[in-house]
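In the two assemblies presented below, chain A is common to both, partnered first by chain B and then by chain C.
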Partner chain A sequence: MLNRLWDVARRFTGSLLGMLKMRSVEYLEAELRELENVFALLVLGSFIGLPSPPLPISLRLLPHLGRELLVATRISERLDDMLGEMAGLFEIS
Partner chain B sequence: MVQAGLLVVAALIIYALFYFTHGRYLQNKVVRADPRRETPAYKLYDGVDYVPANKYVLYGHHFASIAGAGPIVGPAIALGWGWLPSLFWVWFGNVFVGVVHDYLALMASVRYDGRTIGWIAGRLMGRRAFVAFNAYIWFSLLLVVAAFGFIIASLFTATPGAGVAGILLILFAVVTGILIYRTPLGFKGGTVVGWLLIILAIAAGYYTQAAGFALPFDAWLWILLVYAIIAASIPVWVLLQPRDYMNAYILWASLAIGGVALIWLALRGEGLLTWPAVTGFFANVVGGQPSPFWPAVPLVIACGALSGFHSLVGSGTSSKQLDNELHGLLVGYGGMVTEGFLSTMIIGVMASYGTLALADSVFKAVSAGGSAADLVSEIASALGVGAVTDKASALKFVETLASNPAAFGSFYAGLANALKWSVIPLSYAYATNAAFGLDLTVMTIFATLWITAFALTTLDTATRLGRYAWQELMEPLKSVSGGLYRVLSNKWIASIILAVLGMLLAATRQFLIIWPAFAGMNQLLSSLALMTVAVWVYKVQRASALGNALVIAPAIFMWITVTLALLWYESVVIPPMIAAGGTSALTGAVVGVVTAVGVALNIAIFILWITAMRRPAESG
Partner chain C sequence: MFRFVAFAGKGGVGKTTLSAAYALERSRRGDKVLVVSLDPAHNLGDVFERKLSEEPTPIETNLYAIEVDYDAMLRRSLKKLSEKIKDMYGYLRVFNLDKYIDVLQHSPGIEEHAVLETMLDVIRRNEAEWGFNIVVFDTPPTGLTLRIMALPSLSLLWVEKLMELRLAILARRRAVERVLGTKPRVSLGGREVSLATEPRGDPVYAELLKIREEYSFVDRLLKDPQRFSVVMVVNPEALPVLEASRAAGFLSKLGIRIGAVIVNKVLKLPQEDASRRLYEQKRALELLHKFFDRYPIVEVPYLDEEPRGLDRLVKLSRFLEEITEGCTLWSS
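On to the complex of A and B.
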């Protein structure tokens, strides 16, 4: 019985802490995502005609940017609804 | 006589009952949630937006995101109709409409890869619905800034100590943010320092108020204007993020203290509801005009019963983090009923301890003189009681008002508004003082800080969002005049335009006009979200007749209610404002145009909805 109560208390505290941690970083995550977009654009800009950086550097960096490319592609699919996404993130109630 | 604690217990029972019957039915028969179906958090996992989260963590986060000042202020205004109608709308709206709206918006988004409800509306009802959705957001923001600017300035004027604590909390949030994100103290160390700083802010507020510090309403508006512009333009990690994090503690602490206080008082046989249960079908609530409870109530109580902004949080953010489809019920449905619980607590606290609180505010207003004192004299004459000269006569004045339902319905909202809505935090302070003996001034500052902390977040996030929307709107200018585009799309200019316009509206002090317009726009958004999920349930999910009825009936009911309410607002409340001339006319014209655009969009959405419902069903 005591073990069970302890387990419930532990899980409750863990959830509470998790929730608070989530509340402490959600906007930062959104900002980080935007910075990653900018970074991907800077590094891989030559593929879409942006002058920087030189193509050889882009090609050498390419294998390390798999995840960034994936995330950027996904986000580009949602670009028609960014206002809605931001409205969801910034709480107005 | 009913006890406030019983309302809290009744709310818990009702919400639990609906959660396990109505909620489970929606989950199993309408959504047909399947734990084996991959959620967007797994299907589209990117470690950034799409990340699975623990269901309790997500529930707590979702609730903290949807709960702001709205579920507190709306029910407080609606008490003009009496506590029973207000409670009825909170409970009925919550379990009949609000939970359907929140839960299905979340789950529809889960099935559409975490897309927002606006995008889904576009997918199901056409591109024009999507444009209308974005227009809702844009038009709402101005009213949001005006309504929340007014309520913060009012509460700070009434409780200057809370104003000091609020400003200190802003500075302390910056310090906490630096400690958490930029020093080795990290999350835990920074959090402990953050708690201490919250206590320090309240203590500083307490002592400055005791020392006689006070600022007039307009001065607070100026401070808020500068705050909104700066806060909306600085990086989120500096202020918004750490303050939002600290707010979460204040929210959960206030909810726990208030809920337990009312139950504890009920066990001791205290906390009786002394305000009138019903004042009449008509009460002077919206714009000071005799307002019919139906259809006008959603223009007053939005959050707490139903809020369109919840669909944005549910579909834009929470849906991307759902670990398992079965968790949606706790997050979407559970989050909404918890907000209903918060509103129930506010109604209980105010209806039981509002007399003491109102008497305090009345005495202060009479001592200070001015228009609020004149209003008190006017009401005292109408009630046939003597002039308010001391605390005892102020209490007698309020008791007489509370014992006369018709008079209460006529004067309550106007009086509370003139008294800067100080009755809300004061009632909470009196309840917690009666239950646990907590210091009245400290708890008043704490409660005001709780309400204004959320309102401040809303104020600067609305300004920030308005900036983005404005910059998007300026895009066509780029090809016409590059110079003008650069000026108008500058982040400071974009923030200043919305904040200045919003604060000018707030400065007119026409809160009982502005709040219903804000709530109305909110309800229009919920109307669009409900219609979208109704199309999804009917055409895509192909639910049973009962399942369809549980979704389509609230959608139609809310559409009719909100449309009629706004038409009533346009035809009864706005014309006298315009006829009054001066700033009233300007406020009436601006708010009237914004809500008229909202009504027009709502009618357009209804036509699109009918068309979509009659189209052949699509699969998946």
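On to the complex of A and C.
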């Protein structure tokens, strides 16, 4: 009996910790995406009229910014509903 | 250790002629001198009455000259940049690169980058092969020259900020890796790629470090008063003097040494021929002495013959004695 209770408690704690882990990673990943988006905008913003570094710096970094370009493109697609995006992240309904 | 000097000023003030005369005089005093024309509107070959190329052409013993092919210089600079992008072309497929590279040569910032790269190329080749002890740069008109001089400092500011941001990104990726137990991954061009979490393994950070090293080298060189200085060339008129004072202020803020100021084409007429022109010249010279009292000022009169060819350049160079003696342009 005690063994069964211990087993249930262990599995419940494991699931709870797993859920908390996923939640904390979601926030971290959201923050990471925003930082990567800002990096892409800073480096390549001249192509859309933003102040940016001297062009040779942007061109030298461009080949390595595949991930950042993807993030920036995806975020720009969702820009018309950032409030919904944040609400989804924090599970506000 | 070789030294270099840039002759700067508005278009048409006489930078090319004076840089040629200075170089000629220094070479006749025993220095091995190279003059490099970076001005897109080249006149250096006309002044020396020689056909010049992108390799050092002998003018006389100890004196050589180069005229940089501007279009070729821009194409070379872009080619170097585009080669790196093309290496990754199959991976990114972001732009139609060939057409894009053609358009890039007209982009803001490319011209000053290309000229700065050319100056560095001359400096490196001089250290490695040529062995001139003085290199004289005849620069483009003031606006472009100031942007060229500011490029290393400005680039370093940007690089430092980008490195800060990049380290923040890598720290977040490490945090995600610690929680999940694996490196974050992304699908790019149909391949699963593992993202770097440490500065050591991050190609973006590595590139930023390389860029910082390159620009730091140039920045140190331009700000070394024992090796580099700028000679401002003006005409005795208010507008060039005002522009030169602003340019000198800008260069001083960057930490670049002004070695001397040359006032070229000063009218020397008898007092009885005094005219409005002379009066305006006198006012311009007073303004000049007010702005540049800290620097050696050399006055070069309006010569009765156009200073073309070596014999006439020698006559012109006699007025530059104050700066051709010793190493007055640089600090000791």
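Assorted remarks:
As a convention for this text, the second predicted complex is superposed on the first by the 71 of 93 C-alpha atoms of A that agree within 3 Å, B and C clash if a C-alpha of one lies under 4 Å from a C-alpha of the other, contacts with A are read in each partner's own complex, and residues count from 1 in each chain.
The rule is simple: a contact is a pair of C-beta atoms (placed from the backbone, for glycine too) under 8 Å apart; a residue touches a chain by one contact, two chains touch by 3 or more.
Quantities reported herein were computed from a predicted structural model and do not represent experimental measurements.
Look at A:16: by the touch rule set out above, it reaches chain B but stays clear of chain C.
By the touch criterion stated above, A:78 is placed in contact with chain B alone, chain C being left untouched. Contact with both chain B and chain C is seen for A:67 once the two complexes are overlaid on the shared chain. With both complexes placed on chain A, chain A has more residues touched by B than by the other of chain B and chain C. With both structures placed on the common chain, the touch criterion links A:39 to chain C but leaves chain B unconnected. Applying the stated contact rule after C-alpha superposition, one finds that A:27 touches chain B and leaves chain C untouched.
By the document's definition of touching, neither partner reaches A:8: not chain B, not chain C. Look at A:50: by the touch rule set out above, it reaches neither chain B nor chain C.
Residues common to the contacts of chain A with chain B and with chain C across the two structures: 21, 24-25, 28-29, 31-32, 36, 67, 70.
By the touch criterion given at the top, residues 77, 81-82, 84-85, 87-88, 91-92, 94, 104, 107-110, 113, 151, 154-155, 158-159, 161-162, 165-166, 168-169, 172-173, 175-176, 179-180, 184, 186, 188-189, 193, 195, 203-204, 207-208, 211 of chain C touch chain A in their complex. Note for the complex: chain A touches chain B at residues 11-12, 14-16, 18-33, 36, 67, 70-71, 74-75, 78, 80-93.
Chain contact summary for the complex, chain A toward chain C: residues 21, 24-25, 28-29, 31-32, 35-36, 38-39, 42-43, 53-57, 59-67, 69-70. Those residues of chain B that touch chain A in the shared complex are 44, 46-50, 53-54, 56-61, 64-68, 70-71, 115-119, 130, 133-134, 137, 140-141, 144, 180-181, 187, 191, 235-237, 240-242, 244-245, 248-249, 303, 307, 309-310, 312-317, 457-458, 461-462, 464-465, 468-469, 472, 522.
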